[in-house]
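Letters A, B, C, D and E mark the chains in the order given here, with residues in each chain numbered from 1 onward.
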Amino acid sequence: MEIGKVIGNVWATKKDEGISGQKLLVVNIMKNRQQKKDSLLVAADITGAGIGDLVLVSKGNSARQAVGDARIPVDAAIIGIIDSLELQESDSKEDGGT
Amino acid sequence: MEIGKVIGNVWATKKDEGISGQKLLVVNIMKNRQQKKDSLLVAADITGAGIGDLVLVSKGNSARQAVGDARIPVDAAIIGIIDSLELQESDSKEDGGT
Amino acid sequence: MEIGKVIGNVWATKKDEGISGQKLLVVNIMKNRQQKKDSLLVAADITGAGIGDLVLVSKGNSARQAVGDARIPVDAAIIGIIDSLELQESDSKEDGGT
Amino acid sequence: MEIGKVIGNVWATKKDEGISGQKLLVVNIMKNRQQKKDSLLVAADITGAGIGDLVLVSKGNSARQAVGDARIPVDAAIIGIIDSLELQESDSKEDGGT
Amino acid sequence: MEIGKVIGNVWATKKDEGISGQKLLVVNIMKNRQQKKDSLLVAADITGAGIGDLVLVSKGNSARQAVGDARIPVDAAIIGIIDSLELQESDSKEDGGT
């Protein structure tokens, strides 16, 4: 999985019926604790995440498992809101999203 | 999923029968709101998107779900035309495709 | 899918039986109309493509669909020879492969 | 598979039920023997790996095979703790994780 | 598939039972005929490849097909030892691995 920060929302009226009802959040994937990758990812959210949250993103078929129906044509899903992230470099425990 | 801008069309007479009848659009994937990634992606379109539209692209097996038949050998599909994209950086709501 | 230019052939005597009989072409994936990505891709070809052709490449499970047997362990396949590619930047229609 | 170094732990209370009980480790993927890629990967661990261990990471559907249940929506799993890595450049046999 | 050069071996005692008995080789993926990508890939080998060999690597579910059992959690496999690689740029036929 990847670690990302939720930075926005996206809406699409004309879309595949399969994704109707899916809440779609825009996520920036983190390269490390401070820096984001220069790419935008849209993930279906099943955890109630919001803007600013640090989240766990799963991609590929696993994303379709997460939304509970393999026919739903998503390829990325938020599967967790990170409470805390303990990384060896900084040796300090940091709460997710603060 | 990724966010992309439709920039063109591609035609192929000699092709896998499985993709006959599929409308294939050329999409530039967006790195962020202003910049495109330096790569071309071809996606099957089921939403009626056109040149200049900002679209949602799903890849891998999810793309085959989107076109409705897992035997169709596409690996990318447009699953939505973006109406609006609200990103935290700019804090301004921007209509898709303008 | 990705757009690539066929630049060569590859032969392997000692190989997985599953790919015996598969024609394997070396493809450079295009970043944009003029530039190639700095990476080599080998794809099974089912369309009769040849060196210099601009082709459509599908990857992952879709490639196994294209070669007609999910047990064949290829992860990339040429699924079309591009006749023409119409991109918004250049606003000019260009024949594939010239 | 990729070679990575375990650098931390991640916890998420609000998460997909499917990943409850999974031990999630943060891994830096190695570019070569000395350098890490500038990206963070979170992998489910089934081998008992710990911080500082050099590990084998498998991604995609294979990760769901490793955790023993294809419904668990992980897309990366640690499938081995590396004892030793023998690379031609250095021509010297080096124990994993030292 | 990708073209890579075998540069080493990796051993792991503590590992997923599913990969017991799999011969794991470290491969550098080639960007072009001369240059390697700056990343290490570990692939299950079923062809008898050795250090210095130029090989064909298949990734994802295709790798599990190559090792003959979809429950084996590998995501990359060597599916051929390249005898010769004919690339248009150099217009010269070059034996693999020399």
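Throughout what follows, a residue touches a chain if its C-beta (ideal position, glycine included) is under 8 Å from a C-beta of that chain, and two chains touch if they have at least 3 such contacts.
Just so we're on the same page, UniProt names per chain: A, B, C, D, E = Ethanolamine utilization protein EutN.
Just so it is clear, the model here is predicted, and its values are computed rather than measured.
Chemist: Could you tell me which chains are in contact with chain C and with chain E alike?
Modeler: Both-contact set = empty.
Chemist: When the Cα trace of chain C is superposed on that of chain D, what is the rotation angle, expressed as a multiple of 5 degrees?
Modeler: In degrees, rounded to 5: 145.
Chemist: List the centre-to-centre spacing of chain B and chain E in whole Å, with centres computed as mean CA coordinates.
Modeler: 32
Chemist: As a quick test, compute the distance in whole Å between the mean CA positions of chain A and chain D.
Modeler: Taking the average C-alpha coordinate of chain A and of chain D, the gap between them is 20 Å.
Chemist: Enumerate the residues of chain D that touch no fewer than two other chains.
Modeler: Only 60-61, 63 qualify.
Chemist: Specify the contact topology among the chains shown, as one of line, ring, star, complete or other.
Modeler: ring
Chemist: With touching defined as stated, please give the ring order of all chains, chain A first and chain B second.
Modeler: Starting at chain A and heading to chain B first, the ring runs A, B, C, E, D.
Chemist: Can you name the residues of chain C that touch chain E in the complex?
Modeler: 7-16, 18-19, 24, 26, 38-43, 51-52, 60-61, 63-64, 70-76
Chemist: Can you list the chain B residues touching chain A in their complex?
Modeler: 1-3, 29-32, 35, 37, 46-49, 56, 58-63, 65-66, 77, 79-89, 96
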